[in-house]
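Next come the structures, one after another.
Look at the two complexes coming up: subunit A is in both, with subunit B in one and subunit C in the other.
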Partner chain A sequence: MIDLKDVTIRYGDAAVVNNVTLSVEYGQSFALVGESGSGKSTILKVLAGQLSNWSGRIRLGEHELAHGRDKALVRLCQMVFQDPYGSLHPRKSVDAILSEPLAIHGIGQRDQRVQDAMAAVGLARKFRFRLPHQLSGGQRQRVAIARALMLDPPVLLLDEPTSALDVSVQAEVLNLLKALQEDRGLTYFMVTHDLPVVSFLCDRLAILRQGRVVEEATVDQLKQQAFRSPYGQELLSHSH
Partner chain B sequence: MSLLSVENLRVEFPSHQGPVEVVKGISFDLGRERLGIVGESGSGKSMTGRALMRLIAPPGRVTADRMVFDGQDLQTLPDKAMRRLRGARLSMVMQDPKFSLNPVMTIGHQMSEVLEFHGRQNRKQRRESVLKALRSVRIDDPERVYRQYPHEVSGGMGQRVMIAMMVILEPDLMIADEPTSALDVSVQSQVLDIMDDLIRYKGMGLILISHDLNLVSRYCDRILVMFKGRIVETCEAGQLHQATHPYTQGLLASVPVLNEHRNRLPILDRIQLGSV
Partner chain C sequence: MMTVNWLMSDAPETRWQAGLGQAYRTSRALFANPLALVGLVIILGLLLVAAFAPWIAPYSPIESDLSARLLPPSAAHWMGTDELGRDIMSRIIHGSRITLYIVLLVAVISAPLGLLIGTMAGYFGGWVDRVLMGLTDIFLSMPRLIMALAFVAALGPGIENAVIAIAITAWPVYARIARAETLTFRNAEFMSAIRMQGASHARIIVRHVMPLCLSSTIVRVTLDMAGIILTAAGLGFLGLGAQPPMPEWGAMISSGRAFILDQWWVATMPGFAIVVVSLGFCLFGDGLRDVLDPRNRT
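And then the complex of A and B:
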């Protein structure tokens, strides 16, 4: 579903991601782990069409990624950001936030679709006309997930979707992501530095360091703490 | 005698619906030990830390039957005396170096300011102390960091600078409010180890405020669990996993583990907990 081949990404002249080749199957949940500055979020930004200074080949299903965003891409993949306090427009109600993608893409039955999306992420109807500041962190992240699902994309890009949340709220959001994947067969591409979260949600992972993939592993290898690379072992030792 | 003694501490803020109590009468004693306060957002843990530093500004209101730090009553102490205490004997490490360091002052300058305020040394000595403090948090090139501005250093480095700034006067009690939650896991343990070393070496007391149960149990001797402004459980750090309060148990269970086999994580039943 997601194929990256020899992808190099630059900021100006500096290459921050070097020759990364990865592939994620349809319906799989894949995690990219590494420290800050390893280039993991940069890869996500390219997939979302936010950066254009890259070379190599990227395919999402049948879609060949161009250098930039187009309507076809946004219907294929949508992103959920780390910080639910920063990623929602502060002056737009939940209803406006969720209707906007539908309006842009000229999709009808908006009222029904907004209601369905809210139900799918477990938001009560009373929240529909509230503003983001009237919601808790967990509720906001639910809105962000609902917004990402409005166009029914097969791929969700998740940028540390729970690291800004309390552990108990993190559990709720992780459960929601897992249930949505089971129901809709979504493909997840997640960036995180939290290995236990990977263990719960993902099937496979790649470890990134200084813009290069140092190891690809299955989640079973993670559970048994059997990474082959020394850097992978080092990461394990940090997550108690 | 204990270093800090708090009885029936309450913090209250006015709102349109009348006053809201965010800390609802908590009591604890602290010696030269490492105390952890855990709880979710809104449980009142940060407000407790701020109340101890007397950093809650009106319209917030702090009351307590007793709030004594090393024989000095923190409630009646004049502002001037409180300022002398703050930094020198009681200090606080904040969550995010991006927002807590002064962006228009070099790191060296803002660290010397602390020493200057407490008027202990001349300019040259101050510079030496700052460099020494930076070295003590394992910054290898203190001369360079001394001249840099906060935006020129990474998050982990910034947090180490804040810790250096807080220990420079060797306080008796350090309050660390989520000192590492803005940092990467790999940098996190590094920063906490540095802090831990300093505390043991200098024999300081520590209050570590965090939402991360595992982290607190690793770096503290004793843990207070807060929920909705109250302390619901106190336990030895090593015995956290035998916690009996349903809230603590719920929090512990909701954290995914490295070898995770549950298909769904248990979530807190807040309605039921509200009645506990």
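And then the complex of A and C:
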């Protein structure tokens, strides 16, 4: 579903990501793990169409990712951002936020679709006309997830979707993400530094260090703490 | 009580209940501020006086009565009469229409223009920003009254030209504010999110950027209205705004200047009118700033 081949990403002259080749199958949940500065968020930005200074080949399904603004990308993948306090427009109600993608693409039956989407992410109807500042962090992240699903994309990009939330709320949001994936056969591409989150939600992971893939592993290897690379072992020891 | 609960509900059921609730909270905060309330009362008074001028004014603002020249304030003429025997209060009442006309027209022209240019500069950045802000700086560097004078001199005296001249000199401030505001959130995640949904640049600017710049622009326009009134009066005083016999306040001061020592009321009364209305807009603008600041919202 997602194929990266020899992807190099530059900021100015410095290459932040070097010759990364990754492949995620349809319906899989994949995690890109690394410390801050490893280039994992940069890869996510390229997949989201926010950066154009990259080389190599990226395919999403049958679609070859273009450099720069790519209109086909909209229906293929959407993103859930890290900070639910910054990812919702502060002056728009939940209803307006969820209706906007439908309005942009001229999709009808908005009332019904908005209600369905809110039900799907477990938001009660009374929240529909609230503004973001009247919602809790977990509720906001549910709105953000609902927004990403409004256009029914097969791929969801997750940028540390729970790191800004309280521990108790984290579990709720992770359960929701897992349930949505099972219901809809979504493909997840997640960026995180949180290994317990990976072992809960993902099937496979790749470890990124200084812009290079150090190791690719299955989640079973993570659970058995059986990473082959020394850096992978180091990450494991940090997370306990 | 039911209605208040319905308005203050934190779980509104429809779009317009949510909107009304927000408006109710805003107006309650405004009414809690006595100075803003004074400003609001003055502005509402101006609106009423302007709307019902022909019915309120006891005399004609234009017909002269040379037998009643320069009468001091009395029961018959509350604010006295001017050098052509016209009742000054009637002229001030009719003049409120001209003032309101100028202020509203300037606001309607310059605020959207400044907002559009500022948000475009902030949103696109790069060379668009440099070109638009260069233009803004050029307009901003010229003194408002001098620039307005130059325009009126080129276009010819008259209210319409005064309005155009003031509007042309008023928009750069709004552009600067809107740009600065846009820069604070142009890289926010909700902007990335709306871009990822495939919204066009025009849609993002109009529906997502402008609403966030709107409250500071409204506040600034309200505060500027005092300045607009003064500039219009200044143009009128110099004989470049409204032409006689129109009862424009600045022009009235100008014609009263000749008698200021012996017949003080001729120049003073329209001066009072300008001060009171300017003050009204200032106070209301200040109150509006406190209310619309999103940091104060709960």
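One rule holds for everything that comes next: the second predicted complex is superposed on the first by the 240 of 240 C-alpha atoms of A that agree within 3 Å, B and C clash if a C-alpha of one lies under 4 Å from a C-alpha of the other, contacts with A are read in each partner's own complex, and residues count from 1 in each chain.
Going forward, contacts are C-beta pairs under 8 Å (C-beta built on N, C-alpha and C of every residue); 3 or more make two chains touch, one makes a residue touch a chain.
Note that the structure is predicted; figures quoted are calculated from it, not measured.
In the superposed model, A:170 lies in contact with subunit B only, and not with subunit C.
Of the two partner chains placed around the shared chain by superposition, neither subunit B nor subunit C is touched by A:228. Shared-chain residue A:79: touches subunit C; no touch with subunit B.
Of the two partner chains, neither subunit B nor subunit C is touched by A:5.
Of the two partner chains, subunit B is the only one touched by A:35; subunit C is not. By the document's definition of touching, of the two partners only subunit B reaches A:178; subunit C does not. Using the contact criterion defined above for the overlaid structures, shared-chain residue A:196 touches subunit B, although it does not reach subunit C. No residue of subunit A lies in contact with both subunit B in one complex and subunit C in the other. Within the complex, the subunit B residues that touch subunit A are 40-41, 154-155, 184-189, 211-214, 218, 250-251, 254-268. Across the interface of their complex, subunit B is touched by residues 35-37, 137, 166-172, 174-175, 178-179, 193-197, 199-200, 222-225, 234-236, 238-240 of subunit A. Within the complex, the subunit C residues that touch subunit A are 10-15, 17-18, 188-190, 192-199, 203, 207-208, 211-212, 294, 297. Interface residues of subunit A, counted against subunit C in their complex, comprise 48-50, 71, 73-74, 78-79, 81-83, 86-93, 95, 100-101, 104-105, 126-131, 133-134, 144, 147, 151.
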